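First the structure, which I've put down as structure tokens, then a few questions once you've had a look.
Order as written gives the chain letters A, B, C, D and E; numbering starts at 1 within each chain.
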Amino acid sequence: MAIIEMNNLWKEYGDQVVLERLNAEVQEGEFVTLVGASGCGKTTFLKMLLGTESPTRGELLLDGAPIPDQPDETRGIVFQRYSVLPHLSALENVMLADELHRHKLIGRAFGGKRKALKDAAMAMLESVGLTQAAGKFPHELSGGMQQRLAIAQALMKRPRILLLDEPFGALDPGIRRDMHHLVLDLWREQGLTIFMVTHDLAEGFYLGTRLWVFDKTRLDPQAPGAYGARITYDLPVGDCDKGTLTAIQEQADATARTMA
Amino acid sequence: QAQARDSFKVCWSIYVGWLPWDYGAAEGIVDKWADKYDIDIEVVQINDYIESINQYTAGQFDGCTMTNMDALTIPAAGGVDSTALIVGDFSNGNDGIVLKDADNLEAIKGRRVNLVELSVSHYLLARALDSVGLSERDITVVNTADADLVSAFNTSDVTALATWNPLLGTIKESPEANLVFDSSSIPGEIIDLMVVNTDTLKANPALGKALTGAWYEIMGHLDDSGFRQHLANVAATDLDGLRMQLDATRLFDQAEEAVAFTNSPALKDTMQKVAEFSFDHGLLGEGAPDAGFVGVATPAGVYGNSGNIKLRFDPTYMTMAAEGEL
Amino acid sequence: MKKLINRQPGRVATWALGLLPFALLLVVYLLASDARLEANPNDKLLPAFSAMGDAIQRMAFEPSKRSGEYLLWADTLASLTRLAIGVGISALMGLVFGIVTGTLPYARAGLSPLITGLSLVPPMAILPILFILFGLGELAKVMLIIIGITPFLIRDLQQRAREIPAEQVIKMQTLGANTWQIILRLVWPQIMPRLISAVRLSLGSAWLFLIAAEAIAATEGLGYRIFLVRRYLSMDVILPYVLWITLLAFAIDFLLARYSRWRYPWFHGSH
Amino acid sequence: MKKLINRQPGRVATWALGLLPFALLLVVYLLASDARLEANPNDKLLPAFSAMGDAIQRMAFEPSKRSGEYLLWADTLASLTRLAIGVGISALMGLVFGIVTGTLPYARAGLSPLITGLSLVPPMAILPILFILFGLGELAKVMLIIIGITPFLIRDLQQRAREIPAEQVIKMQTLGANTWQIILRLVWPQIMPRLISAVRLSLGSAWLFLIAAEAIAATEGLGYRIFLVRRYLSMDVILPYVLWITLLAFAIDFLLARYSRWRYPWFHGSH
Amino acid sequence: MAIIEMNNLWKEYGDQVVLERLNAEVQEGEFVTLVGASGCGKTTFLKMLLGTESPTRGELLLDGAPIPDQPDETRGIVFQRYSVLPHLSALENVMLADELHRHKLIGRAFGGKRKALKDAAMAMLESVGLTQAAGKFPHELSGGMQQRLAIAQALMKRPRILLLDEPFGALDPGIRRDMHHLVLDLWREQGLTIFMVTHDLAEGFYLGTRLWVFDKTRLDPQAPGAYGARITYDLPVGDCDKGTLTAIQEQADATARTMA
């Protein structure tokens, strides 16, 4: 059975249609990358997967049942910013999930138990290359290190689905490529299902097993909100030629210009 | 309706006629008398005079020090039947009116007069104006907080004020100040009392006995230097300053004197004047049809509405003290 | 079942929940008042609503016997005038000194320590000195408000002026602006909506100082009336007056917020 | 020649400029005091420094005749204790209600309007009721502080709690946290340094309320002493006391700021 | 004579050396693009050109004289953010420079004069395609429109040098390409000298007539601040092959990783 299934999914804010008639199925273990013009509803779509927004019409199913209407441990997330907790050190950020799990009331572990959690967290920090930074606060880390920390933090909970909203948008190109390797490794190891939004078509192609292009098929320049975006391309990666890429890019650019 | 109890709270505020209560509390005299009648009495100092009366009126205290006028206008007019248990003294120069640039009272005409509105200073002013054929219409009353009167006098905005000691004494030290009228011209009209709740007193005569007994024992120390030094310290002044204040106060250090004062028919006349002043200024409440709306019982007879007696001058306990029965 | 943190009350529930504590307060008052009036029908501390109604009628709609004025309105006018003058002057001083110290490093070095020092002096404790400086008339009352809130306003606006992104100050210079023009066309207009926020924040203190000032020496005003009738514990007048002050404070705050949104849409749009 | 806006004073100039206005104030005081003492050697309003020195000597270093205490220190201890208790309780209430109303929409709907309403009531106007509710003991003295500053603290912290990025609340949920855990591990620790800022902002008002409360009912304390000697216009005592209060206020503010930097480096690092 | 000349230019913050031994000349009308790892001192260099930072050692000359030590009208600037004044409408933003010039005291024009300024400003708005948005406040404009406005505003003053610090970093790829055309057109028309920082090597190549790569030639991983960045490549555009590009990219990535 598909892990995620959409049946005629709509999302509207008041008059404004953001997404319309989305239909798709995603199998466990897929890596879906989402591209599209700014403001066309990619983040909104992730929010629905996350449970912080609910569909206006249609169905969004997780394992065949309506997706829970609030965030929980099945779905991890990494945002572009604010993804780690500023008041905790890197190590504490990574330990947090386990601490919350162990001690429902105080959400903290002490003594021997803490030691065990700490070791697990240090192992995770090592796998994202942050061993040196364990004792530092997020504000002492560079943007790239913060995002690596955010990924480590999310993975500690072993979510089934990982949502990434332009996680590398603010990073240097070089750092970004390192992060790509990291994410691909972790995805393979842990058998995650990943949805990742990106502005960078090349990144989308490189990382995903499947690429979705969100775009408005109908567009009224006088009322940009009258119609919503749809999934205009749903490409298994590999199955594309230079022409498709250029077509996607030009289409997305045209939409962006109209909406800007 | 009040229950018999064995613990009581009375409050006092910092004024020369009531300072001895602190001596009594500090030296254990109040405790001694309370023990004698098997009760507890807590003596509480409250700096804000009005707040102390308000708290008494609201039932937070069983007794409180206040003047005869305030006893009438606050607890009595507020329906709290109150008894003047101890008539401690009357002001004999402790309250006065001061002018700048003039040494006769008539010159007050047309001025703005700073004073605590609706207080005994206001009453004193009314009596003073009366004595020179003026009325309140000839002046403007500016309500001024007592704590600020002294410093207010240093400003050029203030050319006339009425107040009490120790503020009056401090103000008189200024070279600009001319005392043009004081309470020695209306002796016996501004009276300082220990007032207790009538119902509480009826249910607990021991309270009256203990307080009265303690008071006259304290009065016995009047000429001790320790006593005077204590009072001066509490009032944050020195012995000279205290003597100045005491000299302007007619303290009844003997219970007999207090009893005689209370029994005299002049008290009833005084209370009538006070009630009329209060009524004119709306102090008896909007429901009051006339000055006699709140009845005042004195040994010489009842002034006003005998069906609504709320303030009682009762010499019983002072008489017991005078006769050594406590 | 959603977590409590994710649950939003609807429109009706929001209103109902918001009104509930007020209703409860009212009931508690009624019960307490009834109990006291039972014990002493003349009790003044917690008067019945009818007594307060009478007092309102008397203060607001019948001319006073002594002066022929409608006391509530005369008091309100006097107090609001003082408040307006006091807050107005404070706002002006806050604006000028806030901008100058926030914009010019030299002015900040010279004035900041003094303002910090002054802001820590409790004004009520140095009344005697204030009296000689400013007398005891209207000026003094307004002055207490000014002394009470101006240091806060200056410090807040200085902070806000410093928060204007350096990029914009640089941008002005590349457009040829001198220091005066930067103040006039960049700092001042950007500070205005922040001045309104700061004034809103300080209005509570301004009311306190106004009431305190009117308790010191006055012949009319809301604070004067409250302290006057406190002399005979006329809670039937005090409570409606307090309610009225609360309403006025609320209305002023609301109007300022509205004005700011209307006048400075760019400020609220980007925040 | 750089524009004024671009000119930074050096270290020495900063100090000199900062001290200058204080020096000027001192000179003005000396001149005014001399002039008054010339006219009336007994003038009490602006005492000479020698007179203030005597007063300090008397209050701080000689035992009082009434109680054998060193008055200045006894007063300071009493006032600081009250201030600490009052501000402490207010901070606690601000923390609890600020977090609860800032985090839980239902609690906010129920309590926010009430708190807004209460924050607008001037406490000095309902003193009689407050004293009845809380008596006239130590509780009443700190009560005035609590009533005076708690609504501000609650509203400020509610605001701060709401400013915690939604992303972090969501993140907590994806890590398996329930509402209670979100409060305990996210909101509370992040609010703490903001509580310190809010307390620093409200300390000025807290001092005012403390001084007012001590003037009404107390037998020791800095405010009580000022109230007591004001009747004799003993400015030789009042002025040193005011200076002392200012210094204390400054020291407390400084210590809180230092503590916050030391305890919450992540807060100050990222701001 | 060169418009900008650097002789052995150093910039240090305390112990940290940011830039060291810069030597170069730039002729009037050149379009210099600056690339390099994050934190290697590109913005710092622009700040020195602007006059808000001064060199620690060496010379930075404008027309042969030391560059003024505070911003003025000769050098316009567009930042990545905060570049337009939020409290003025688009039109007012563009009129500002003229208003300041005309009325030294009040910095505002009225009546007929205002009308003239307004016409000039509208013409400039048209050239950047913002005629429709003239009456709007910046917060009502999209990121791309804000940056177009910032460029229009800067150009009204006809600066000789235009400094651009990642002006398009936050924009959609499509919008970004439109902006490229705009900048190139304006540069050609007005004969500007442009220094532009970018993260995007391709953008740098496409726009510039000359590309500078800032990089640290010596690098101590234990003390990233011990040595400063230099201009490691100074390429006239066109003169480069695929190998150079890759080399630049890899070198910059390595630096970024060490510094992150």
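Heads up, the rule we're going with is that a contact is a pair of C-beta atoms (placed from the backbone, for glycine too) under 8 Å apart; a residue touches a chain by one contact, two chains touch by 3 or more.
These figures come from a predicted structure and were not determined experimentally.
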item	value
Minimum number of chain-to-chain contact steps, chain A to chain D	1
Rounded Å distance, chain C centre to chain D centre (Cα mean)	19
Rounded Å distance between chain C and chain E, as computed from the means of their C-alpha atoms	47
Centre-of-Cα separation between chain D and chain B, whole angstrom	37
Of all residues in chain E, the ones touching two or more other chains	70
Where chain C touches two or more other chains, by residue	3, 45, 127-128, 132, 173, 178, 215, 230, 233
Junction residues of chain B - those touching two or more other chains	54, 58, 148, 150-151, 154
Category of the chain touch graph - line, ring, star, complete, other	other
Every chain pair in contact, whichever chains are involved	A-C, A-D, A-E, B-C, B-D, C-D, C-E, D-E
Touching residues on chain E, where the partner in the complex is chain C	50, 52, 70-73, 75-77, 79, 81-87, 96-97, 99-101, 104-108, 137-140, 153-154, 156-157, 159
In the complex, chain E residues that touch chain A	37-38, 142-145, 172-175, 177-178, 199-201, 249, 252-254, 256-257, 259-260
Chain C partner contacts - residues on chain D that touch it in the complex	3-5, 7-9, 13-14, 17-22, 25, 45-46, 103-106, 109-114, 116-117, 119-129, 132, 152, 169, 173, 178-179, 182, 204-205, 207-208, 211-212, 223, 226, 230, 233, 235, 238-239, 241-242, 245-246, 249-250, 253
Chain E partner contacts - residues on chain D that touch it in the complex	2-3, 6
Of chain E, residues touching chain D in the complex	69-70
